[in-house]
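In the two complexes that follow, subunit A is the common piece, with subunit B as its partner first and subunit C second.
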Partner chain A sequence: MPRLEPGTGKTKWYRSDGAVAVYSALISILIGMAVGAIIVVVVGLLKSNISPAGIWEGIRLVFLGVFSTGRSGSALSFGFNGVNLGNMLFRATPLIMTGLSVAVAFKTGLFNIGAAGQFLMGTMGTLSVGLWMGWAGVHPFIAWICAFLTGVILGGLWGAIPGLFKAFLNINEVITCIMTNWIAANLVTWWFDSHEIFKNSAEGGKVGYIIPLKNVGVVTPKMLMDVLFKGSQANGGFWIAIIIAIAMWIMMTKTTFGYELRACGSNRHAAKYAGINDKKNIILSMAIAGCLAAAGASLYYLSGNTEFYWSTYQKLPAEGFNGIPVALLAANHPIGVIFSGIFMSMLNISGIQLKYLTAYNEYISDIIIAVIVYLSAFSMLFKTVLSKKLRKGTGGNVNAEPEPVKTEEAVPTEDAEPVPELKTFDEEVREDYKELMGESAEKVQTESEEGGEI
Partner chain B sequence: MVFLIQQTMLYAVPLMIVALAGVCAERSGVINLALEGIMIFGAFMGVVFVRIFQEAGWTQDQGQIIMIISLFLTGICGIAFSMLLAFSAINLRADQTIGGTALNMLAPAIVMFFIYMIVQQNTMGMASGGAAGWFMIKPQTFGLPKGHSWGPIIDLFINKVYLTTYICIIIFVLVSIFLYKTKTGLRLRSCGENPQAADSLGINVHKMRYLGVGLSGFLAGVGGFTFSMTTANMTSNGDVAGYGFLALAVMIFGNWTPLNIAFGSILFGLFKCIAATYATLDINGDGVYTLNELGISPYVYRMLPYIITLIVLAFTSKSSRVPKAEGIPYDKGQR
Partner chain C sequence: MSEYVIEMNHIRKEFPGIVANDDITLQLKKGEIHALLGENGAGKSTLMSVLFGLYQPEAGEIKKDGQVVKINNPNDATALGIGMVHQHFKLIEVFTVLDNIILGAETTGALGFLKKKEAREKVIALSEKYGLKVDVDAKVEDITVGMQQRVEILKMLYRDNDILIFDEPTAVLTPQEIDELMEIMRGFAKEGKSILFITHKLNEIMAVSDRVTVLRKGKYVGTVNTKDTNKQELSNMMVGRPVQLEIHKKPATPGETILKVEGLTVPSKIHKNNAVNNVSFEVHAGEILCIAGIDGNGQTELVYGLTGLEKASAGKITLLGQDISNASIRKRALTGMSHIPEDRHKHGLVLGYTLEQNMVLQKYREPRFQNHGFIKFDEVRKYSEKLIKDFDVRSGQGPITIARSMSGGNQQKAIIARELDRDEPLLVAVQPTRGLDVGAIEHIHAQIVNERDQGHAVLLVSLELEEVMGLSDRILVIYEGEIVGEVDPKKTTPEELGLYMSGAKRQKELGKEAE
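Then we have the complex of A and B:
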């Protein structure tokens, strides 16, 4: 529990749990990018074909890749790049959706590693219905709605399968999600393999792909994106993703249903005892997660010019797994997911810039993402340290009033009788506890403090 | 028939080694979701070591020695990589699922980054030759002429097999003995069931969990090398086709006991083998490709291992004996 202000009885905004979560996310990001920069330096020093100037270019692109405008002469140039920024938002759309999918499941205490399979099912539904309706001459708007909904519903049904296994048989959702992922990959490939009409045979060299939806005119309107980011792939799907994220935030925090989901996530048995139908909530939560992941796929392919490589039975879409870091970085907050999704796709763009402009390759951004996920496992540690730092102030003016304990320490007394340090009761208990239990006590304290959320 | 059994073993051996790796970690109370990542890393390091030996001038005649040394070194690399998980799960008491996921993302990223840096393409193979030529046990290995046959029974065991099959059997025996017949094994298992009680008896829970994860890392690394050698022709491309996850499923399916896992992985290997070879599979040797003539889509065969896992899990979930303290960070304060 953060310190309450004496005047208002509220917490200062910069000390609230939410703010601390943002700080710890920012620390993870900084460390992750620093690791990326270090790898750039080390590899640059080891490889003979990369000069010191090349290393410096690599580092700048790791941090500012999205503002790169290519090369002018021999030096890299930076500035407003509408194409990059627009593509960033375009790529962020599916990431935001799969991130939301993982986040909603997390809030219910479930780890949705099956977003990849749900994404594929959404792809299948949207592409098939979109193409079919387009050919049948249905009005594009109605076709768009039908294609979107079919994808979402298929994904929802697919997501519900691990939920059913979890609710009725208590089988770990991680394992069922992984199995359903691969089953979905095979099903989708099977579907497209046995329906030749969907394959793009008109354009030579694109035989492995499904006909893009722009060929039948079923595409998401640009909704100002073409004005803001000229020449990029950005479209109205991004706005739709933001609206869905806000809707999810309202559902999770302002409705009884959302409360029930979170109650199941905090403690399934306690929720059951309180009269909440835990089985129903687990299944619904996974179904919603499935819908969200599939909606990501729908928005991605409804953009029109994205092409789906149908023989996917050996490969799962990366968007599905990248939803996990997006959700973790946002601490599973639906609004935070928007920002972390944009950040992840920014790293993606940086990676592509690295590939085309330097001797490095795009996998450096994957390393950065992985490091960030690894660090987010430590977020508890960061939060503990940060909360301690922030708690040091008393009252409203943090800077004006020095802490009593600190001054006591600053003037060490050489007296025969040691002066007892002034401590609050809370701190005293904490220290006793620490003495008793060793270093692990620190963690327990914060864990119990933050027990309510998650 | 010989072909079917040998092919099945090709798929079953890496699964079994990695599933046993999972057992070591989970019995000590740490969920090792990073098996896939460690395998990917192991496969990559294995290729790197083999390339180093090849470039140092070792020849094809020393293939088996190269393999054994590389296998061992790969295991060591697996330990190093798994320590990342151990540190976050044991010392920092972080969520083990997230830590494992992070390693699963980190491994392909690092591997792909370095493969591009080393060979400027997305797959790295041996410096020369292929896995079958260098590491497969054939008549030539014993100095006999090519095409020599010992008859069906002996052929099954020593003709066109990899030494890893036997290494796998040794690993199986050693892990079983370690877990059930040694003092350390008992202690390790106790940390997965009730670490508080174990601690009260003077067992160092952190040390035991580090041991469990380390062993798991070693075996998963070895499993990655085996996968790369037997099914991917000693190449690495940042992917092990979901084998790490499949091994996790086999482990759950085998109820966390080595013997059941051995059966489970052979069953899986069989289905995987059928999916890969159904079109040319001649079970009873009469020249009729039965499975191909059934006219079932290949995707059905490819889905089978996963569907069967789901079904078996559904039926065995009631009798499942999960290590009780699995996934729960050890906390002295809860004693």
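Then we have the complex of A and C:
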């Protein structure tokens, strides 16, 4: 609960819930980066081909890889690197979309672990329709729209399946999501396997790739990205992702639809009591999540820089699962997802820089991501601690109750109850724990509570 | 030897920004039943937590038999012979009664094997000695609430506690069970055990206690001998102003039928039988019809069936002449039904939402609050500020307070504000005063009566016998999903109601009517 400033009745921005969420995400990131640096040092000390100077280079690349401009002479040089920054935004695009997918579902109380499958369905729809329309000579702009929409709709339908199971049979969406992921992987493999025309046999030496959409000219316009980041893979898909993120934010917070969705997510029973169709909202929420993940795939393959390896039945696309840490790090805030998506992709770029410029390999960045993912689960804990600290800092008047309306007669109810003593349900449970297990249980309870948030 | 077994002298316990216990003194004599009376938030729980070692006081001392003791944790409390029956039982549902009783105080033989046989004998001996009938081999999930409470009491006895704390023990019991409990408590006192009895029910205090200590807003008000006081004086001490204990209302003037229920049947989720079986009744404008009964006899399902939260398998519901038997929840609400739900956390509020968002839980779709799907936030704010003012809902930050952080009483007030302001011809109120204290109850009762006087029909479901007797104009008693009696509150007695509620009595002709 943000602290009220005496007098104004408003919360200072740096103490608001949002600010605290940002601080806690930053803490996760800093610890993750620090762990990454430690690993760089340890690996450097263990490997004979890395000198102390090499270790220092590795650390600098972990933090500033995206600003690396290669080597001038023997020393690493840093500065504005349009290619790296542009590639960072390009790679961030699908992450932002799958992050949005997970975040929106989460706000409705659903854990969308099926973004990978939805991503694949989007890929299939976009590539097939894009190529077919390209060959049929449809105007590239119309072909782009149709390819994008087909992918999005297919992903949405795919996402709706776990939603249907959840709404009507109360089957946990995590289980159906995992199953639909693999069904999608096999379905997509079968689709491209049985349609030879999509296979790229024209370019020599390429086995198992689908013809890229740029060959038929169906490509997202650059929308100034080529001016800003010359020579990079960046394109207008990034702007589209940002627009979608803002639209999602507006939808979730400003509309009656978002109000219904969040009510269902927060308390399905109360939503039902209020006459909200909880089943409809669960299905819609999963469908929207599917659309978002699939839109990520569409933008990725419409970029003109990417090729799809169709034999996916053994491996699900990493973008699907990386949406989860992106959403977690952003505390499921649609706007926050833009930044966490860019950050994740920055680490990726750093990893590549490490690989090319030093004797390290790129997997260091995967370890950093792993640590951050791990810590982002704790971000709720950081949040609680930070809120308390911020409140304590000014010895605040937390109980800033409005002036009693009636001053004539003593107010009868329990309102005299001190606010810190108000037992919310969680506190009650925590107290029960304490009574059962003594003080030490409090800490355990706090942590397990955080775990439950995921 | 001191006169008192437990003395808590000048206890002070602070929480950040507030003093929960301010110089409170409580002295418990050996062999007495000592009631601790106070509204929610008066500091009763904090004081008991201090005694039980959950909190350390900032000032004051605790004496046991005249010796100053330091209670650092519940284990210390147990070692001093202090035991507690919590309001919400601390039992493991899938364990047997015996396992629950010995849990944490198991006697073990070589290699750590349990000596269950000895434990069993001890438990049976105790239960016979004090008349605490339990089935030691039954699982806790299968036994009644009354028996669960006896298990909790046996837990204390098994640990040879002689200072027994009962935290709101009667909240879940039927009148007959309450009498039994009172008898058991008197038996303990006779044995020389000392009892601390936390409650806000004045009848019980008058019936069983020897002395009463009253707390108000964290402060000590006084200790009086029960025989020298009366209910009115006690409630005035507790609330700090004269309280109307009796509900004052004009005689009802029932008008046309608002709600007509015919042969309503709702299947149970727990067992194969119907939770509500062929129930028929009518509610008229300007009357309060009360469904009385022991918890778990189908009241919840009856309301679910009425409001649409659950599907009825048979029957016809007519509201204002419209058949709503198969209508959606929203349709029913819009036809003219508002609903104060039984469980304010489950159904009543979206706890993660702010107070203002909760205030428009049904109304957000009205053109007043939305424009092409976009919520009009300033209208929502204005409306919720009005409700907050009119119904005196207190919270830390007004409209933007997260509902979860509000006190139970204010959460309930918020729901009541929302539902009454919808101004529908039928109000379904399920246990509207559950867990609230005298002051808040008085307020809510007055509003329900006011609702009736405006010509609305009120269907009240309550487990509190006093509320049933005081508030209703007509009482239907439900037992095992069937209406077993219709009585006039002015002509009946709690004892007669108790007989209907426990299934011992039944009006024959009612059953025939329903056929």
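Here is the rule we go by: the second predicted complex is superposed on the first by the 392 of 454 C-alpha atoms of A that agree within 3 Å, B and C clash if a C-alpha of one lies under 4 Å from a C-alpha of the other, contacts with A are read in each partner's own complex, and residues count from 1 in each chain.
Here is the rule we go by: contacts are C-beta pairs under 8 Å (C-beta built on N, C-alpha and C of every residue); 3 or more make two chains touch, one makes a residue touch a chain.
In this text, all values refer to a predicted model and were calculated from it rather than measured experimentally.
Of the two partner chains, subunit B is the only one touched by A:K47; subunit C is not.
After overlaying the two complexes on the shared chain, residue contacts for A:Y309 are found with neither subunit B nor subunit C. Looking at the shared chain after the overlay, A:W190 reaches subunit B, while subunit C stays out of its contact range.
Applying the stated contact rule after C-alpha superposition, one finds that A:S266 touches subunit C and leaves subunit B untouched. Look at A:Y14: by the touch rule set out above, it reaches neither subunit B nor subunit C. Applying the stated touch rule to the two superposed structures, the overlap between the subunit B and subunit C interfaces on subunit A comprises residues 438. Residues 33, 84, 88, 92-95, 97-99, 101-103, 105-106, 108-110, 112-113, 116-117, 239, 241-242, 245, 248-249, 252, 297, 299-300, 302-303, 306-307, 309-310, 313-314, 317-318, 331-333 of subunit B are the ones touching subunit A in the complex. Chain contact summary for the complex, subunit A toward subunit B: residues 39, 43, 47, 111, 113, 165, 169-172, 174-176, 178-180, 182-183, 186-187, 189-190, 193-194, 313-315, 321, 324-325, 328, 361, 363-364, 366-367, 369-371, 373-374, 376-378, 380-381, 437-438, 440-441, 443-444. Those residues of subunit C whose C-beta lies close enough to touch subunit A in the complex are 15-20, 39-42, 46, 52, 54, 73-75, 86, 88, 90, 217-218, 239-241, 243, 307, 309, 328-331, 333-334, 339, 341, 345-353, 357, 361-362, 364-365, 370, 373-375, 389, 392, 394-398, 401-402, 404-410, 413, 436-440, 442-443. Subunit A contributes residues 1, 4, 9, 254-257, 259, 262-263, 266-267, 269-277, 392, 396-402, 405-406, 409-426, 431-432, 434-436, 438-439 to its touches with subunit C in the complex.
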